[in-house]
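Both complexes shown next keep chain A, but they swap its partner, so chain B is in the first and chain C is in the second.
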Partner chain A sequence: MLSLYVPGHSPVHRLPAGVKLLVLAAGSAALFVVPGVAVHAGELLAILVLFHVAGLPWREVLDQLRPALILLVPIFLFHVFATDWVLGLETVLRILVLLFLAVIVTLTTRLSDMIEVLEKAMRPLRLAGINPSKVGMMLSMVIRLIPLMMREAGEILEAQRARGLDRNAIALLVPLLIKALKMADDLSDAMDARGYDPGAVTPFWRGKGTP
Partner chain B sequence: MIEVCGVSHRFGERQVLKDVNLALTERRIGVVGANGSGKSTFARLLNGLLIPDEGRVRVDGIDSRDDVKALRRRVGFVFQNPDNQIVFPVVEEDIAFGLKNAKFPREEIPRRVDAVLERYRLGHLREQATHLLSGGEKQMLALAAVLVMEPRYVVLDEPMTLLDLRNRRLVQEVIRGIEQPIVLVTHEFDHLEELDRVIVFDEGRVIADDTPGAAIRRYVEAMA
Partner chain C sequence: MSTRDMVLIALFAAITAAFAVFPPVQIPVVPAPIVVQNIGVMLAGAILGARRGGLALLLFVVLVALGMPLLTGWRGGFGVILGPTGGFVLSWIPAAFVVGAMVEKLWSRLNFWNLLLCNVVGGIVVVYALGIPWLAAVAGLELGQALAGSAVFIPGDVVKAVIASLAALVVKRSYPLIGR
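Now for the complex of A and B:
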């Protein structure tokens, strides 16, 4: 599996995470407002140039995206038959731009930088009693656990095959869930041991001083 | 100094530690005992991951009941399974995690990360994804991530159990080089033999507390 972040020192890598996320958000919103095949084709070209500048591994990325790219074919065909091919092309271009924009941002931005920006952006939520640091940590935990859980799932399947068990969703999910809970438990100990402290947050209606 | 005074602890019905009294004054202390004898529970008391039901744990006079955070800053902890103690997906991010928690100045963090990566020969893995590291590299990272915080004491709970022989040697070498006082939980006699003092647990009690030679003999007898 391609790891999420591809280390590098390109200008795209060095751009602050906040700017990249902002461009991603604004860009995807604009994509659906601004019409025109030519405009989107131009954007796609610009993004592919960025891709090259960032020195990202073409082949691996395309491999990863293959399922999504294949999905574009029926989408295009649907438009050809239901509306017209120009609209189909526009839709496909929009999706491509969005996809590659998102890929560039995730592949050139460190998770911890991304989380830091999200935490800042979520600060107003503190008023509602939601702790941005906790949400941020939850996100990074999920991303950290995905490769571990995939490996775990592979091992469980192998062990079951070795015992002659057929493929069975419950026989996979139950041990996987137990493993995930144990892992989460250990990880939270490890985080405590390294001084993790998200701090306390109280919603505005409870005011200060109440726990 | 770490002091454990009159500590008992239970999980539900099960009494896991019974009236443990120890003053950990030696620089290298080993802990050994059968599976389930309470070694990990004991180790977790020492940096406040666990607060005992009864009795007190004090580190340089700080009671774990009064200020867990101060205790954790003083006592670093290395777990058995490196997979479950690496928090971030990239090596240098994981090292920086503890430093950020401890509110180190932002500009100083990269410098410290660099220094510790160099020191533990992890420099070439700086930007590597943590899930792609080998078992030995993972445990080395876990150790580095604890040592970068410069704790006053280091507690290690079977840090070599999951490693192959080669990596055991590498990690053992790093552990030998730790300047701070350590408490090392291990099943391996050859690791115990080079320590200053060995404590033997059996069903939650300390049954021996002696030089490595004498303690190991007592442990072997108890297991017979």
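Now for the complex of A and C:
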């Protein structure tokens, strides 16, 4: 499955997805409100303890963080030369706390659980005429379509390589797009033919009874 | 929103994600590698129009935030969104919308050059206008510094705008989706 989730039974894993997402949202906002090198260092330590509790493989964690970590070096160096190193340390620590917090939520929560939380959280949007079940359907559709699109792209690459056109971006893109659009037509026809109807949701400003 | 619109939105989110498999391309003059993925942003806007294109990228960004490794180099999760380059990823939503809105306006007299303009304004100007202040804020840099660090990507982005424009023009001729 295409997901970063690392299965486990730790207390961090068992925490409901909604709670974890709330903690992440509140925590990332608090980071900018409460500054200080000592505060951030303490937070970083606390999160590292959480990583240990969750029993996550460090290789996986570092793989996820590597691109951001590489960026932290020039940021720190810039602060050393342009402002002062304390501010640089604080900035780097803040980014680290933010990243670790985000990575622990991502690695310990199932994608399906997060989509479920999202569908629930979107219930109030019915008032604005947005149907949460349609959004959930689209999210699931993307997850199904991604491997399909990757396979199509691979097949077209092979076919154009046989013609010596594999360095030609247009010869790769156009067939992929046309094929995909044709598939979208077939897929939506098939859904309509099977009576897919999540029900219309009217925004509150249109009132009841009007389309 | 019709079932067809739903499928098209999901489809372009998936196409943008599929571009993550293309490895970064190195070209001689530009020091930074080029990733193919933001072609998906321009294509979604240019082929689907403002509303559907913007929603496709919104869907893509939501899935990245939920932890699917859909960005080039198999990255994903809240960490990327909240990190220094998160502004660039988030900017893809308004970027696709702006490309789409401009293409809709020019639809009846669309040619390579005005389509290229749409892709450059939406796919490059909007992306940098949001991504660079974000980078500066998260990393504590000055705007000029953040801009200088990102400028190496601009030539590659222009090449991508040209490719996206050529492809979207062919698709418009054979499979027009805007205005019906």
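As a convention for this text, the second predicted complex is superposed on the first by the 141 of 211 C-alpha atoms of A that agree within 3 Å, B and C clash if a C-alpha of one lies under 4 Å from a C-alpha of the other, contacts with A are read in each partner's own complex, and residues count from 1 in each chain.
The rule is simple: a residue touches a chain if its C-beta (ideal position, glycine included) is under 8 Å from a C-beta of that chain, and two chains touch if they have at least 3 such contacts.
This one's a predicted model, so the numbers in the text were calculated from it and none came from an experiment.
Colleague: Which holds for A:Leu165: it touches chain B only (first), chain C only (second), both, or neither?
Modeller: So A:Leu165 meets neither chain B nor chain C here.
Colleague: Chain A residues in contact: does chain B have more, or chain C?
Modeller: The larger set of chain A residues in touch belongs to C.
Colleague: What is the contact status of A:Val142 with respect to chain B (first) and chain C (second): first, second, both, or neither?
Modeller: A:Val142: touches chain C, not chain B.
Colleague: Counting only touches as set out at the top, which of chain B and chain C does A:Val103 meet: first, second, both, neither?
Modeller: second
Colleague: Let me test your reading of the model: by the given contact rule, A:Leu177 touches which partner, first (chain B), second (chain C), both or neither?
Modeller: A:Leu177 contacts chain C only, not chain B.
Colleague: Which of the two partners, first being chain B and second being chain C, lies in contact with A:Val86: first, second, both, or neither?
Modeller: A:Val86 contacts neither chain B nor chain C.
Colleague: Can A:Tyr5 be said to touch chain B (first), chain C (second), both, or neither?
Modeller: A:Tyr5 contacts both chain B and chain C.
Colleague: Could you say whether A:Val34 touches chain B, chain C, both of them, or neither, answering first, second, both or neither?
Modeller: neither
Colleague: When the two structures are overlaid on chain A, which partner does A:Leu127 contact: first (chain B), second (chain C), both, or neither?
Modeller: It touches nothing on chain B or chain C.
Colleague: Would you mind listing the overlap between the chain B footprint and the chain C footprint on chain A?
Modeller: Overlap of chain B and chain C footprints on chain A: residues 3-5, 111, 141, 143, 148, 183, 187, 191-192, 196.
Colleague: With touch defined as at the start, can you tell me which chain A residues reach chain C in the complex?
Modeller: Spelled out, the residues of chain A in touch with chain C are 2-5, 24, 28, 64-65, 67-68, 71, 74-75, 78-79, 82-83, 87-88, 91, 95, 98-103, 105-107, 109, 111, 114-115, 118, 134, 137-139, 141-143, 145-146, 148-150, 152-154, 169-170, 173-174, 176-178, 180-185, 187-188, 191-192, 196.
Colleague: What residues of chain A sit close enough to touch chain B in their complex?
Modeller: Answer in residue numbers: 3-5, 7, 110-112, 140-141, 143-144, 147-148, 151, 183, 186-187, 189-197.
Colleague: With touch defined as at the start, can you tell me which chain C residues reach chain A in the complex?
Modeller: Those residues of chain C that touch chain A are 1-4, 6-11, 13-15, 17-18, 21, 39, 43, 47, 59-60, 62-63, 66-70, 73, 75-85, 138-142, 145, 149, 163, 166-167, 170-171, 174-175, 177.
Colleague: Please name which positions on chain B make contact with chain A in the complex.
Modeller: So the residues of chain B in touch with chain A come to 44, 47, 49, 69, 72-73, 76-77, 79, 81, 83-90, 93, 96-98, 101-102, 127, 129-132, 145-146, 149.
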